[in-house]
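Below you'll find the structure I mean.
A, B, C and D label the chains in the order they appear, each numbered from 1.
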Amino acid sequence: MGANTRTGRMMPSYIDDRLIATIVLTAIAAVIPLFVSEYVRTLIQRCLLWIPPTFGVYIIYSLLRQVHFAQSIFIGLGSYIAAFLAGKYFVTSELLILLPLSLIVSIGVAYVLGIFIMRRTGFYFAIMGIAVTMAFWSLVYKMRQITGGSDGISDIKNPSLFGIQLGDQGLYYVSLVVSLGLILLMRRILHSPFSLQLRAISGDLQKAESIGIPVNGMRRLAFIVAGANAGVAGVLLAFSYNYVGPTTFAWEFGAHFVQAAIIGGVNYFVGPIVGAFVFVGLEFLVSTWFPNLWEVVIGVIVAVIVVTVGEEGVTGIVKDLFGRTLKRANLEERTYSDGK
Amino acid sequence: MGNNQQPVLLAAEKLRKFYGEVRAANDISLEIAQGQVLTLVGANGAGKSTFLNLLTGLVKPDRGEIRLLGKRITGLAPEQRAKMGIVKTFQLEHVFGDMTVFDHVRTACLSAAGKHYSMFKDISTETEINGQTEQLLELFDLARVSQSLVKNLGHGFKKVIDIATSFAMKPKILLVDEPTSGVGEEEKYHIMELMMNQIRANNLAAIIVEHDLNLVKDLSNETIVMHEGEFIARGAPGDVFGQDKVVEVLVGRGF
Amino acid sequence: MFSMGLRYILNALPVVSYVILLSFSYSFLLYICGRVSLTFAGIYLVGAYATVSLSIALMGNSLSFAGFMGILLLASLLGAAMLVASYLCFERFLKTDVHRMVATSSLLLVFRGLVKVVWGTTPVTYSAPFLELGVSEIAGNIVPNYYLFMLGLALLLMLALAYFLNRTSWGMRFRASSLDGDRTMAQACGVNQNLVTLMTFAISGVLAGLAGGLYAPIAGAAYGSEANALLLAALSVIIGGVGSIGGAVLAAFIVGIVRAVAAIKMPVLELAVPFIIASVTLMLRPFGIWGKEFRY
Amino acid sequence: MVMRRTRTLVVILTVVMLLMGAVGGAAGGEIPSGPIKIGFAVPMSGTATSLAPDAGINAEIAVEYINKYEGGILGRPVKAYIYDTKGDPQTAVDVFGKLIENDGVEAVLGCLSSGTGLAIAPRVESKWKIPTLLLEATTMQMFTTAVPNPKYVFRIGPDDVMQSITHVKAVLGKKPDLKTIALGAPDYEWGHDVVSSFTKILKQLRPDVEVVYTFFHPFGEASPNFAAYITELMQRKPDVYVGYSWGTDGVAWHNQARAMGLYSRIPLIFDVFSGTAKGQLATEGVLGETRAGNCMFPPHALGYPNSKLAPMILERVGALPTYGMGVHMLTGMLYLKAAYEKAYDLTGQYPTPEMLAKTIDGLSIIGPCGITSMINHQSTAPGMAVGKLHQREDGLWIMEDMLIVPDYLRIVPPWMTVDEFIGKLGEIGQ
């Protein structure tokens, strides 16, 4: 606890700060729909649903130092599960069935894909991710009779929870709860023995092997964790658009989560959260101010962030600017030296 | 420290590894018993590191067999062998630079306890592991830097951290690749002492690759000289270093 | 059977030629400098637009083939200049492979965005050189001479590069600095690393710019074509192996021909088939059919 | 008493004032001042951009035209909110939300692909209730399954059956003696839809014609190589080839097919979207169509509004013909203008979205494609024409020798299903 023995200060202890910050932010997210327009609520909901897949990229990036372009596979799986079961071939729209089902399917698919994707690293891993995503995309695209091809599946009605049909606002709160739950779960996972050993793998592969870490198995599990996050978010994303199309499987879509994670900063646990909000917000602003320059703006921002602050991202920049204030809220909590 | 009454712990039989023309290991055989400490000397490129890597499984042999306590382990992956007790420290820097010293050692403790896939448990609640880690840090005199990032520490520290991490694996046999390369004269002895104390205290077998011949004499009473992938001499350091061919190999090439 | 095979090979020629150039542009950089850089695809895009715009501006409807060759040369020099500039101003600040991958892939976005700003998204095309060269009939198959010219040029360049790398003293310096060689040793022997890096970027830029320029008369310079080019080149490098000239040529032929075959025999798989081959290659020969084992 | 009288007076005065206020409010049909907000949701990045090039610029052109030459709508200038859908249906949903909920636009023009259209149409009908003019989104699903009873959703651009009937009739008219035909289309829903409806209608009208080769090439690959298809096509030697490749696909197809000599080997080629790109236009003598989607300005429409529109497009985009986004958008703007003015004339009030939507249906305007009418939420020109492409002295491509297929032969009447209509086509033709 060496670095954290800041006793005798006015501030409450370490863990309480964090708890307070979480509660305050959650409370803001919970009451904000009552005060803002429907569109802003949708936007916040979008940000919330972007957080879990971005966390998936973040886990692979910050723990394994790999770039995970294949998140869209799992978003797509979740979305199409929702679209088939609650839309096209109506079976059920009960979230308590759809979410676990998507979780199970994502885990299964991630397990199988992980067997061969996670054996490679670096550029090869990234390209393999894109290749597999393309394969899924073309499968969905070509199975026109079932998936509707490029037209997708439209007019998916809102889901129900405990048998109660949800309105758009209800869906917002479900998204909030799911996303928050996943954030807390990720926090736990990032402080687990599992992730410490993953960091060992990215730190030095040979050393990791020589201390008996089952490299391939653990990498695969990390891939599964990432995929499961995206799979759950995929279901809710499908409902939030009331539409699913094959572009959910496009690798460009998966690349957005990489960009969001980089923008947020992969050195920080709050990075993916910040990244999701900044990315979606940025998209909103850019499309308003320079509708034609979306690619240039996002490209320059990501490139500049990588060159200047690397893994620190926006969170790191903000922390530098307002270091003292944020320290109190413990937003600077790093995944990289988490005490013990 | 040779204790030949003990049963054979690790046995290598006719290990061979050629890199094209280069003979890194040419039908090497070796047996080592519990508590036995061997030193391995030889010029650069004699195949010492390759030999250790063959034992740990980082390099796959072209042919030959490796047995641990009579059980064939030739085809096993490095991490499986590490679990069985064959643990190696590295010559060059192989540390997890972005971790704190505490985490670095703790990783190995967790791995030894087989807690790889423990995802939903907060690491701070692993009191047993944390206790072990603190104990190890004490033993290796690392407690005062336990919260520093490994990459910010000096070379000597990294060596000690590497060794401490290896001990966390509760090894049966320790393969030590040049523990003191690139370390100052004074630190050298300190590191060696720390390590040898632990090896003796746990009655481990060890193969130590070392360049400093004076150090070799202190370390163990049995040494092997390696040249072009073969063992050319074996015995007490004093005797071995007197032999002509050894002098030619070690000193002649040295200058 | 043979004539069918020949037909697919001839149909694949334009893709084969540009993929040879483009994939080697990427793998050369990776091989010599050990740097992952996806900027080459942006250079490809710029090469295509530059060639077409210059052709329209300078030549109008009066074609001279020598003039077109001159424009190609200009486009490849522009590519070299841009890639070197990208290295000097940007890429040399990138420390790790992951950084390079992420940063250069976002640089691609910038490239395509700027192309949109400058040229709009209406495709720009100038196919006069393509039409002017006429067609040949090979074993009953009609093949535009321009395809043969493309392939010839690509192979010639590859041969020249092979000669340069293996037979000249400068080539030795390049190889000494490569993933194969020993960079510190090379430096100790007086090889100027900075110069080698800059030249590698320049050569890579020439190849990428030329690939874009050569292919532009066939498909037009189109916004978004860099993504497709990037994927094809990357897959070819995976299939052929890093740093291998033979591998680049072989992989380009494989990718081109399987696509041509799939287009007719199994249209469902046309897009997926290069990815499938790359995946299988990665499983069976992780370092490519013709590649050697590197850190990557 | 005085108190009481005063109180009564106050009550009466209050009531009168309230009444006046109410009347004033009712007469508040006065046209609000300030610009009128119109939203555009168009693809400006991503794959679709290379296929529907410069959609953003075309939206600007349409608005500029309305403001400059038509005096705005009800005297108010139009303010455009142009956002990027990235050609992605889900982004389109977000963009529509932003336009309608955030910016408060009064009508939206947008959505090129069928997927985008299908994604937003149900939401527009059930939630947003704002007049929405889809540009293309030609799928038959739109007004059959997605929004069977549309109120707010309109479509500019033909539906699949309409265009297929035109194409079949045109091909049969231009080459009555054909025996074999080949079809090529991009591999996505629209491509499959048009090919299947073309084949179905052809079988109905001329069962003896054999379709010798049908292929679907990858869609929107941006730098495709079509050599394999072209070779195969030349080996099959059809009498007629009908190609639906468009955008960058169309440009590449055109370049490659011409270089390989396809145009001289097949007697009749109907390149539905002839190459539209800077530097390279159509091929002399090849068939093209006048549907707004292709914007081969038909000669009869070269006056109003095209004489003013064409120079604007040439100046901003640099190519003419351009893919029809600009034309669609201007058509849509003209519909909106006409609807606003008609609704205002009829009621004396500034129209609500509902009134506006009701007024749009049944309107006729003169647009870039000539007289165009909104019938059952579907915009149609009196005849879709197919003709041979010809380059005039001044460089403009026009169509000659046009064959116009009248509406009653193309529009599926509301009391018939598509299949019934196709089944009756032979009889109607007589």
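One rule holds in what follows: a contact is a pair of C-beta atoms (placed from the backbone, for glycine too) under 8 Å apart; a residue touches a chain by one contact, two chains touch by 3 or more.
What you are looking at is a predicted structure, and each value in this text was computed from that prediction instead of being measured.
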{"item": "Farthest chain (mean CA position) relative to subunit D", "value": "B"}
{"item": "Geometric centre: closest chain by C-alpha means", "value": "A"}
{"item": "Cα-centroid distance, subunit B relative to subunit C, in whole angstrom", "value": "47"}
{"item": "Interchain centroid distance [CA atoms averaged], subunit C/subunit D, Å", "value": "39"}
{"item": "Cα-centroid distance, subunit A relative to subunit C, in whole angstrom", "value": "34"}
{"item": "Touching two or more other chains - residues of subunit C", "value": "113, 116, 227, 271"}
{"item": "Touching two or more other chains - residue numbers and ranges from subunit D", "value": "44-46"}
{"item": "Shared-contact residues (touching 2 or more other chains) in subunit A", "value": "252, 292, 294-295"}
{"item": "Touching pairs - complete list by chain label", "value": "A-B, A-C, A-D, C-D"}
{"item": "Touching residues (chain side subunit D, partner subunit C) in the complex", "value": "44-47, 49-50, 53-55, 57, 187, 215-218, 220-225, 227-229, 231-232, 234, 247-248, 251-252, 255-256, 258-261, 275-280, 317-319, 322-323"}
{"item": "Subunit A - residues contacting subunit B, complex", "value": "2-3, 185, 188-189, 191-197, 199-200, 203-204, 206-215, 217-218, 221, 225, 336-337, 339-340"}
{"item": "Subunit C residues touching subunit D - in the complex, by the definition given at the top", "value": "7-8, 10-15, 48, 52, 56, 113, 116, 120-127, 130-131, 135, 141-144, 146-147, 215, 217-220, 222-225, 227-229, 256, 259-261, 263-264, 267, 270-271"}
{"item": "Residues of subunit A touching subunit D in the complex", "value": "37-40, 42-43, 46, 141, 144, 148-152, 154-155, 237, 241-243, 245, 247-248, 252-253, 284, 287-288, 291-292, 294-295"}
{"item": "Subunit A-facing residues of subunit B, complex", "value": "56, 58, 77-80, 82-83, 87-88, 90, 94-100, 102-103, 106-108, 110-112, 115-124, 126, 129-130, 146-147, 149, 162, 165-166, 168-169"}
